[in-house]
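Below are two complexes that have chain A in common, paired first with chain B and then with chain C.
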Partner chain A sequence: MFTKDQLIAPVLGIAIAMALLVATPAGATAPPAVAEPVAEKSKSTADHSKFEELDINFKSGPEVTQACLKCHTEAAKQIHKTKHWSWEYTNPVTGQKLGKKNVINNFCTSVTSNNSFCSACHIGYGWADDSFDFTSEANVDCIVCHDTTGNYKKLPGLSGHPNYETMEWPPHSGKFRPPTDLKKIAQNVGPTSRKTCGTCHFRGGGGDAVKHGDLDSSLENPGRYLDVHMDSEGLNFSCSRCHVTDEHEVSGSRYAVTAADEKGVLIPGSQDTRNPTTCVACHGNTPHPDKMAKLNDHTRKLACQTCHIPAYARSTLQTKMSWDWSTAGKLDEQGHRIQLKNSAGKVVYDSKKGNFTYDRYVVPEYQWFNGEVKFTLFGDKVSDDEVVKINDFQGDADDPDARIWPVRVFRGKQMYDKGLQTLAVMHTAGEDDAAFWGNYDWDKAMEWGMRAAGSEYSGELGFVSTEMSWPITHMVSPKEDALGCESCHTDGGRLAGIEGIYLPARDRMPLIDTIGFGLALLALIGVLIHGGIRVILAKREG
Partner chain B sequence: MERIYIFKRFERFWHWTQALLIITMMITGFEIHGTYTNLGFETAVEVHTIAAWALITLWVFAIFWHFTTGEWKQYIPTTEKVEAMMRYYLTGIFTHAEHPFRQTTLHKHNPLQRLAYLFVKLMINPLIWASGFLYLFYTSWESWGLGWMNLEWIATAHVIGAFMMLIFFIAHIYLATTGHKPMSHIKAMITGWEEID
Partner chain C sequence: MLKVIIGFIAGIALLGIVGFNTAGSFMMVEHESPYGIEETAARIQANIQKMSHRGWTLSGLRDPSKAVANSGRNVPPVLLVEACSTDYSGVLLADDQARILSIMMPCTITIYKKEDGKTYIGTMNSGLMGRLFGKKVAAVMDEVAKDQAEFLKFDDSEPAPPLIRVKPGGGSAGGPEAAGC
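This part shows the complex of A and B:
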């Protein structure tokens, strides 16, 4: 009937009551020893710099890939099956067609009609438009994930290629990037790392720290305070340590989140096909020591991240908090682009993009989440009467699969076709005369974008307020920095807005309190009057 | 003036330990309820829980003692002299009227005390204990077939019990000063010896 955890408190109480024993929490266990830091030196059995196949002055990325495929014959076929390649994902529960190719977000908004820029983060070469050959093995970019030199950079506008010639970068900066040394890079390939994954995932939304909030370049070399697992002096986890990867299929996806896993530890060798990229997969559902048994009760309602990631963007880098497209397109008197920066040097207004706000050490918002996400996709009816949820996290207190999650909510105002009542696909980036970032002509850019999305622009441009939610799951603090009880068990605490649960110290029945304290006060007044009379009478009698 | 030995050693130990634990639980309990911040929620919960188990243990011994010594009979309710007692507290006490009840070792509680203590033992305590126990083990409700229960009800029942205890506590402390002399009852509870008229 009782578990060992539950019996600790009574045993302790009895011990004190009888004043016989000095209470010692019986089950307190020492924290697990920290593993030795992973050595920097490659442990691979192959030294790629010794391979003749790579001793070539490669002219292009695809040439490198063809060399890779001579030995790694199945690699490209494996990549072809992944979201990294297709940018497509069909949610099996909702049936929604998702993936970067389909989703409209409230950052740069959409990939469609802007491929040559967006595909700087595609795991391939040459995706400029719909004519891209998704069956081509040579078009798979091996290097972007397996580079160890740090000198490989896919530049926006080159459709996923790095520069093969000397190129001014950033544009109009007066700085020049030499041609990419593909031979050296190919000879130094290795396992993926925080740095390689971060090439794209730290820089989503157009720059470092912009998009996720809990992923930015500070995680290339984080201290323990920033992420207890990725701590480069400690456990030094790579991304793939949790995002376990099989046949190039990387586990753990925002499109289909495992919000709760009641089955506990996923033992290596198990045939279970559960998502291995969860806290529970390693720590189980009762990870706290016996003396903190009460915390284990909380895993029924809370995601681990809720207490263990007290804030995100916990480095010097500011993450973007909002993006207002409706102010974009203003030019100075000479008709030139305007850029205004804040005191930290971050752009707060850009003619190309509108207004931004930033923050760091951001306290997440909290909400019930069962892992199911409903997106507002192209063609779904929207109006400016209400805030449009780009992606709506499902779940409530009664849902056994739901937990209270920390969420980053990115707020924005973005283009929509008022006539068609749909979020807009706009042509922002390109070398043509319609791209908004070159011409600042809303209608032209809208026309081009909407057509690329398979629709006809109604001619009526509007701006709609949007919210996009991101589960916060990286930047896990060391345990001593985890939230204490008082963060939520109080009035106006972090979970002030969470409905459907009774949260001690936050919740009470006001009527009961009024009656209870009222009667106690009356009793007190009563005895004071009664006692006062006795005292006065006693004094009078002397 | 006469002195009689009313409260035996265990009884006194029980009373004062219980008093300490109940005061501790009221202070920590209202903090857990969110009425104020004092020790901090986490410490308040820990102290409250340990005190609760300590009191349960004490109670096991106290119940055993009551039955083996026959002292439980002290709480058999009576309506005799209840009215006289009430009249005494309302008027007689101010005019030095004779106390309607005469303490003896066999009848150490006056009729109002009997009723009050019986109410504490049969109503307030069981309410607090049952709700507190369920509160503590709410994660086990489902496995006990009690999944239909609701934490809000249980917490509210527990708080109602706490308010009843608080009101009892106020009255109890005050009435402890209404003996032969203001300190008579309190001294008796410490030494065992009661001064009577």
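This part shows the complex of A and C:
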């Protein structure tokens, strides 16, 4: 037994140690300087500012195109065959007619009946309605991809044209854009760049960082942490470095995703016509060194992006996470449009569009994906009893072509024709009196939009919850920032929802657990029996 | 006597082990936020401004993750909201013995994201820390702790306020007194 002193001693020790507790101040470090944009010097053999054909005070975009075509005689013909021009793509497996022209998304929803606004991102001039001449070479917009001045801007509402006269932009802002200096721009054309591609692809869905999550204006001049390939002070890849272009057709469309590339490195100059934008096309199927060989086994089930893009929207820009159209149309007491902003200055409510939510540094969701995508198109039956998948990624654990992919799932609530049970095409933008953004009249806008899509509005407007998935493939981290084992091999880890595979540390096998715990229990019992016998024997001898 | 000494040493050792493993969680307190990074920071800033009658002003908003990003590494976003009340700092700075505590000024609340994608708020356990430095400091830090608890009370019915991009060392709330905090 212990005496009173023996019991007090440990308590006294604790008290003295508490009294001696000291705090240690932390040091501070100065932030390093921010990287300056890298100005690229042109390596072209042609100085366009010396061409007589371009020494003209152009009055319109098509005039510039005609001047370009005097030398680049086949360019427009090539463009006419591309998805960038037609906004159409027919999936060879499912037969579905896709492309911007046909797909209804859960952002601005549909191009149909809204062409004059949406065509601000079309590589053509004049697509205001169905009468647009897709065979006209002069209608091709060369500048939007080849401008190097940064002063060329196609404004929504001008059917793909830049402003040729002074124009207030944004509307009612009191700011004015001078007429576009087409001569100067034409004399300074050059190769495509992150900035030119980003003019549309960073700003899809109505603004910077809205649509993709892994594409935004921070990639115009990114640091290494944001994208190890595009790092402006490092590899400095332009988009076309991976999205290799052949006769103006850009590879790597999300309508034809290569989810698993098992053919290894694509040798430059080879006749292999497979998609060159995959990670494997450069890094091969066993990219990790021998000492990390176990990671190479993972490529049989994981897309590279799963580990190497731990989060998207990693700059300070917030990406849109959801869009609820059902709340659109509310006006203030004076009947004026309402716009509310969040703490970061992003609009979270707009009478024209409804409610939004945003986030940054977003951890992706994960799912099996074999490259096949089934879209819910206009005319397909939908109901508000279930969440409608705008695009359903196919594949499962048993599919040899499927890999686990990081995915951004954009959630929304959007218009549908309750009577016809189909996603709605609504006329949102335009100068006429039926456009929702002008009159906030749902029925009128629906009637106009549905008619433009070749249908008659039933008169019953409904809202349906939707999900649209986007494979995450840009914003590749440096290798030291790739996910570690513990991110997935744990209970409740990133791959918690992935079915069809046994994931050590996430999953358990009851038989092995029983055997293991049984052996441990037997060992404990053995120790206790052994110890007990020794105590008994010691007492007998003592 | 030997048992007494052994017991005493064992007590210190036990405290050392327990203290080593739990001291961090005693000194720092972590809460999950229902909002995103910017909105959490903005709501805290707004609450701090509501406490101006207790001398509180905003004295900075820092983003240490930006500096890390500039050095080429990825870290989830972190925002540090800095605030100071001369009602409290004045008492501590006037005292030779307590002046070293200026190292903890201004009062900082951190808002950050974790791997799980959620936003968290981290604060110092001001009340407990104050007790380590004597009665006078404890009394001041107890008041700071009470105010700090008010900073973290969010009113859902209030719309998200704008984030105030106040430069460190400045007094965004307009109080020139904040610059010295």
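One rule holds in what follows: the second predicted complex is superposed on the first by the 482 of 542 C-alpha atoms of A that agree within 3 Å, B and C clash if a C-alpha of one lies under 4 Å from a C-alpha of the other, contacts with A are read in each partner's own complex, and residues count from 1 in each chain.
The criterion applied here is as follows: a residue touches a chain if its C-beta (ideal position, glycine included) is under 8 Å from a C-beta of that chain, and two chains touch if they have at least 3 such contacts.
From a predicted model like this one, the values you see are computed outputs, not experimental measurements.
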Touching partner for A:270 - first (chain B), second (chain C), both, neither: neither
Partner chain(s) touched by A:90 [first = chain B, second = chain C, both, neither]: neither
Chain B versus chain C as contact partner of A:502, first or second or both or neither: first
Touching partner for A:49 - first (chain B), second (chain C), both, neither: neither
Chain B versus chain C as contact partner of A:359, first or second or both or neither: second
First (chain B), second (chain C), both or neither touched by A:311: second
Contacts of A:537 with chain B and chain C, given as first, second, both or neither: first
Partner chain(s) touched by A:514 [first = chain B, second = chain C, both, neither]: neither
Overlapping contact positions on chain A, where the chain C interface meets the chain B interface: 2, 6, 9-10, 12-14, 16-18
Partner chain A, residues of chain C touching it in the complex: 3-5, 7-12, 14-16, 19, 36-39, 41-43, 63-64, 66-74, 76-77, 103, 113, 115-117, 129, 132, 159-163
Partner chain C, residues of chain A touching it in the complex: 2-3, 5-7, 9-14, 16-18, 21, 23, 25, 29, 31-35, 223-226, 310-311, 314, 316, 318, 340-345, 348, 358-363, 477-478, 480-481, 487
Chain A residues within the chain B interface of the complex: 1-2, 6, 9-10, 12-14, 16-18, 294, 297, 300, 484-486, 489-491, 501-502, 504-509, 512-513, 515-517, 519-520, 523-524, 527, 530-531, 533-534, 537
Residue ranges of chain B touching chain A (in the complex, touch as defined): 17, 31-35, 37, 40-42, 45, 49-58, 89, 93-94, 136-140, 144, 150-152, 155-156, 159-160, 162-163, 166-167, 170-171, 174, 177
